[in-house]
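Chain naming follows the written order as A, B, C, D, E and F, and within any one chain the residues start at number 1.
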Amino acid sequence: MRPSGRTPDALRPVVIETGIAKHAEGSCLIRVGQTEVLCAASVETRVPPFLRNTGLGWVTAEYGMLPRATHTRGDREAARGKQSGRTQEIQRLIGRSLRAVVDRKAMGEMSITLDCDVLNADGGTRCASITGAWVALHLAFQHCVRHNIMSQVPLTDHVAAISCGVVNGEAVLDLDYQEDSAAEADANFVLTGGGALVEVQATAEGAPFSEAQFLAMLDLARDGVADLVARQKAAVGL
Amino acid sequence: MRPSGRTPDALRPVVIETGIAKHAEGSCLIRVGQTEVLCAASVETRVPPFLRNTGLGWVTAEYGMLPRATHTRGDREAARGKQSGRTQEIQRLIGRSLRAVVDRKAMGEMSITLDCDVLNADGGTRCASITGAWVALHLAFQHCVRHNIMSQVPLTDHVAAISCGVVNGEAVLDLDYQEDSAAEADANFVLTGGGALVEVQATAEGAPFSEAQFLAMLDLARDGVADLVARQKAAVGL
Amino acid sequence: MRPSGRTPDALRPVVIETGIAKHAEGSCLIRVGQTEVLCAASVETRVPPFLRNTGLGWVTAEYGMLPRATHTRGDREAARGKQSGRTQEIQRLIGRSLRAVVDRKAMGEMSITLDCDVLNADGGTRCASITGAWVALHLAFQHCVRHNIMSQVPLTDHVAAISCGVVNGEAVLDLDYQEDSAAEADANFVLTGGGALVEVQATAEGAPFSEAQFLAMLDLARDGVADLVARQKAAVGL
Amino acid sequence: MRPSGRTPDALRPVVIETGIAKHAEGSCLIRVGQTEVLCAASVETRVPPFLRNTGLGWVTAEYGMLPRATHTRGDREAARGKQSGRTQEIQRLIGRSLRAVVDRKAMGEMSITLDCDVLNADGGTRCASITGAWVALHLAFQHCVRHNIMSQVPLTDHVAAISCGVVNGEAVLDLDYQEDSAAEADANFVLTGGGALVEVQATAEGAPFSEAQFLAMLDLARDGVADLVARQKAAVGL
Amino acid sequence: MRPSGRTPDALRPVVIETGIAKHAEGSCLIRVGQTEVLCAASVETRVPPFLRNTGLGWVTAEYGMLPRATHTRGDREAARGKQSGRTQEIQRLIGRSLRAVVDRKAMGEMSITLDCDVLNADGGTRCASITGAWVALHLAFQHCVRHNIMSQVPLTDHVAAISCGVVNGEAVLDLDYQEDSAAEADANFVLTGGGALVEVQATAEGAPFSEAQFLAMLDLARDGVADLVARQKAAVGL
Amino acid sequence: MRPSGRTPDALRPVVIETGIAKHAEGSCLIRVGQTEVLCAASVETRVPPFLRNTGLGWVTAEYGMLPRATHTRGDREAARGKQSGRTQEIQRLIGRSLRAVVDRKAMGEMSITLDCDVLNADGGTRCASITGAWVALHLAFQHCVRHNIMSQVPLTDHVAAISCGVVNGEAVLDLDYQEDSAAEADANFVLTGGGALVEVQATAEGAPFSEAQFLAMLDLARDGVADLVARQKAAVGL
């Protein structure tokens, strides 16, 4: 039995509320259990220098955590004067994951920045960020279509992410903080709506893990992401 | 007539929701019109070096704005590698304002950090931060009392803040962003529940302003703060 | 009786010596009691990006304190790698105060930077900086007029500043360091030659202060600034 | 046919030369094709604060690239004043990978830092770093045993890493820079000598990839790592 | 003929005024022609960690230039967030030069920091800093003797510095900015009162220079420093 | 007798191996005894802003030391977030020294950056860097000639550097780390192939040194550099 009483393949309750960042072209607050991330998409009509005159658009992400999103207060990165390695790793992952389903040629020379800010953390913040960022991005593209900046939403598919872990030798889906702390291995899977792989990150926390354990996690992730994609559809009105 | 249709002495709707930061000892989300600030109080059982062995406690504040809290996206301060002068000015103000009503001797050698993070900005974020921070601080002190860390809440009074401005020659209360941009002068008043002054900051935006205009703003502020104090009482159950 | 033997409404001796920074277009050393600030104005024939093609000029300020301007040596900000919040707050105040009396349209697309560097500190350094910076600015504008860069000095009025405080319950003018450390409240008033308000900053150091105390400080400041304006006139030859 | 003429499952030539960093307790220069990384292990007899009095040792890594290790010169990170997100991601990966095979209890309260500096880059620098760092670490532990600081080498297994990719739809082993630039997906696999998984990182470069492609890469990696482990054994005299 | 009308072996007028930094244990303003440096010595009763329990004292220096000490305004290093390479080079030189004549054992475990801040620059600022810093240091040691912190001034000799250059093929003493810009070589010589060498730095600005030219500069420097030492004696009352 | 058994005028064995940085236009690994520096020259077809449209080229240098190049591991400057004063001093020296023998007009508006990275340090790293950088620079210019970017190598002479010191009162050539730590004075001499002086830096480590000692060091340096120049010729095929 998991500490939360969930079965190994059970997601935590997922709620996606849109329109939270009032000035953003697209935004949502995604709740996965006690984890809450505010995702906001900001559209700009120019691209970074390396893309000028290429006809391609750009999608990137920034990630942050409010100092008291966690059990004990963490330093404010702005006050410390730099983003941690963890923060940079996560925001690079979010950006790559979203770009995998954007038709950057159809998008044209525009940029969208996805800000993912964690209000409350209880495990799985990077996965919730990716799942929520897709919703914010879709809404921002809808905004561009409504304002005749684009003719259609230049997304080729959904993308969503979920964590898995090996706890007491068994593969389980969607770890909360307590389980994450005790896991022998943890993994993050980023998949498309069509079930293809966008990113896989699996890490042994203590002893190395077996290929069978890895494949069991991948199986759980596939179903979990399918669920998340259904929530995304509902949130953006598809 | 003000752009919002309010009379010169009208506050925007104020809502204070507590318990938003799930791990914090005290927290609230304060909404003043479209401005939203998440205030979280974090208790630590040690003080900064300059207070060790003095028997005195410490209360300090940090302030931040999510990048897309504003009309156009601002740089993330953590990514830029430093807090702006404006941010530092505001967080120093919040800290000073709160300390003015804390009995630091009764508090004992403990520290409380107040994180004020702006989720949506529509003018008056520093004032909303002070008003909300008092609520978060009171709740954190209540938490300490419940856990027998203190015998009673070491606050000597309320403290709350409101902006005023001179717009088209007339003093008005609680400016939103649109009015703030057009104001000839703006001022922030931090007052106690008893009506004493904690901090006054008034600035000419274009031409200098007169003493009469200044006093008219002070009058408006006094009533506005009285209203805010009533909301604080309700929020913390006094 | 004040520690210095001054009456409550007495300024410290003020001396303004011009031409100290030999390369600057305008400069002065202002002494207010033991406080000494070197103010230098540097003219540049371009404006920051946000003002290009607006026809408006720019006036800004930077503030610093030599490490041993104070009783005990302070860190050198250049060595620490950043300006403190206090420094940024002060330099923003100086810039705002000066801009309030500059006709930026008449000035044209030029920039003037006012460097205010404290050689010796004994209270009131930000006020001395503002008062001295006006002198340096006027001299720099005179330089521009002499070199046919401008047809006349684009200043609409004087601006000068003085601190006040509440010490032992009484309002006093122009605090030195010893009084400042003991004050129950302190305030900085920035006024024009015509007596209008440019900036008011009043802060409770311990307990909050009353409106009557605040108004008593404002009265003292008005007379103090009138005195300072007379010194400015003499310094620039008006 | 691959650009290099290699078969899909062929490693590039691997050479490991030990004793290169003359002052280090263990070191090697690992060459994988044209990629060259200098790995040096430095032993210290203290641990970071979070491990004091736990009886556990610490192993961590830092990664760098000489500015002209690459086709076009990159900025020197020391001159730019910060490590890139990529650098931090890689050094965190190296540290985690090595710790997975260290018996930190047997090691005792000591620290070893693994510096991995890329002299020449032609793809696969993070994998070469992990493989070489294991050799440097083993040599450093041998040094500790010879000096009676430890009774035996506290490593539970080998750890080595290899990249794979999907190029023209086919899974291939050990990409050089040219292939890496053209790959549809790339992955890094960190495995133990016993074949267990320590870390898996797979990323779609353009379109998402299939599970079959992923598993084909994993198969190649298993054999590649077995080869690398044999080179490690030879290098450390096992 | 030199631009200034001086003969090749002529120093500019030198004035040393003491007691300028009112809080410092020792200070002077040294003027060498139009160059002005404020030198302040700050005494602390502790040493850096690497000297604890060695019985040795420490003398170090920091150097800065006010932004408008120069013809065109330079960036403020505190605002830019770091000291330039030139600044660091100079302050390291000042510290080394002074330590060469300090009996650090006689001094005991105390630290003195010499702040050398350039108010006006017209060539030779590093040399003026060294010469003035010796005066500030001597005065600070006198202060310590007067307060029974030391039994006598722990200086073994004077130290002073002067620049030389090769201009139009001829060696000249004490370059001002105009000559310095045109010099084929420039050199800084730091000598003791007894004429021994503490530091020599000679640099070809364009073409390399000959040994004969170098020796001619050294001859000029010897006489120049003897003059400076006489001014130091007068300034500290020897 | 010197610790190494060398006579006072004996260089350590010098080996220069070219072509080490595979992507660089010119490179070498220079070994002077146990000191090893990798020097790489990178050609770019643009110049820094201050040289645009002047027709002049630019040569600059950056210096670094691998963390474990030294007896005990040093901090990685990229991780610490800034280059030390020592690093900046050295890289400025290398750049100046090389520019003294470059015909920047003949070079045209191009830039060459010389990266000097110390793999192993045993004294004399800045001198080895200069000597090796000349080789890398010559090779890069040869590359430009071969590719018809220049008509001939725009170097007017060799430049090479060697350290000297006063140890036990006697002048000795080419100090290793052990001697350097014990030296009463140390000096670095940068000379051209023709024997002219480019840079002289001599520093008293303890007591000041005499002119006779200085001249003895200069004599040793002259012969030492002549030897190094012969190695440079061999390395670049002259």
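In this section, a contact is a pair of C-beta atoms (placed from the backbone, for glycine too) under 8 Å apart; a residue touches a chain by one contact, two chains touch by 3 or more.
In UniProt terms, the chains line up like this: A, B, C, D, E, F = Ribonuclease PH.
In this text, all values refer to a predicted model and were calculated from it rather than measured experimentally.
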Target subunit F, source subunit A, minimum contact steps | 2
For subunit B and subunit F, what is the smallest step count along a path of chains that touch one another?
-> 3
Which pair in C-E, A-D or A-B has the same interface as E-F, with over half of the contact pairs matching by residue number?
-> A-D
Angular offset of subunit C relative to subunit F [C-alpha, multiple of 5 degrees] | 120
Approximate Å spacing (C-alpha centroids) for the pair subunit B, subunit E = 50
Calculate how many whole Å lie between the centre of subunit D and the centre of subunit F, each centre taken as the average of the chain's C-alpha atoms.
-> 33
Would you kindly tell me how far, in whole Å, the mean C-alpha position of subunit D lies from that of subunit C?
-> 59
Chain-centre distance (mean CA atoms) for subunit B and subunit C, in whole Å, is 28
Name the residues of subunit F that each touch 2 or more other chains.
-> 81-82
Order of chains around the ring, counting from subunit C in the direction of subunit E?
-> C, E, F, D, A, B
Could you please specify the touching residues of subunit A with respect to subunit D in the complex?
-> 82, 85-86, 88-89, 91-92, 96, 100-101, 157, 185, 187, 191-192, 194, 196-204, 206-211, 214, 218
Complex contacts: residues of subunit D adjacent to subunit F = 20-24, 27, 34, 38, 40, 42, 44, 62, 64, 66-73, 76-83, 87, 113, 115, 117, 119-120, 122
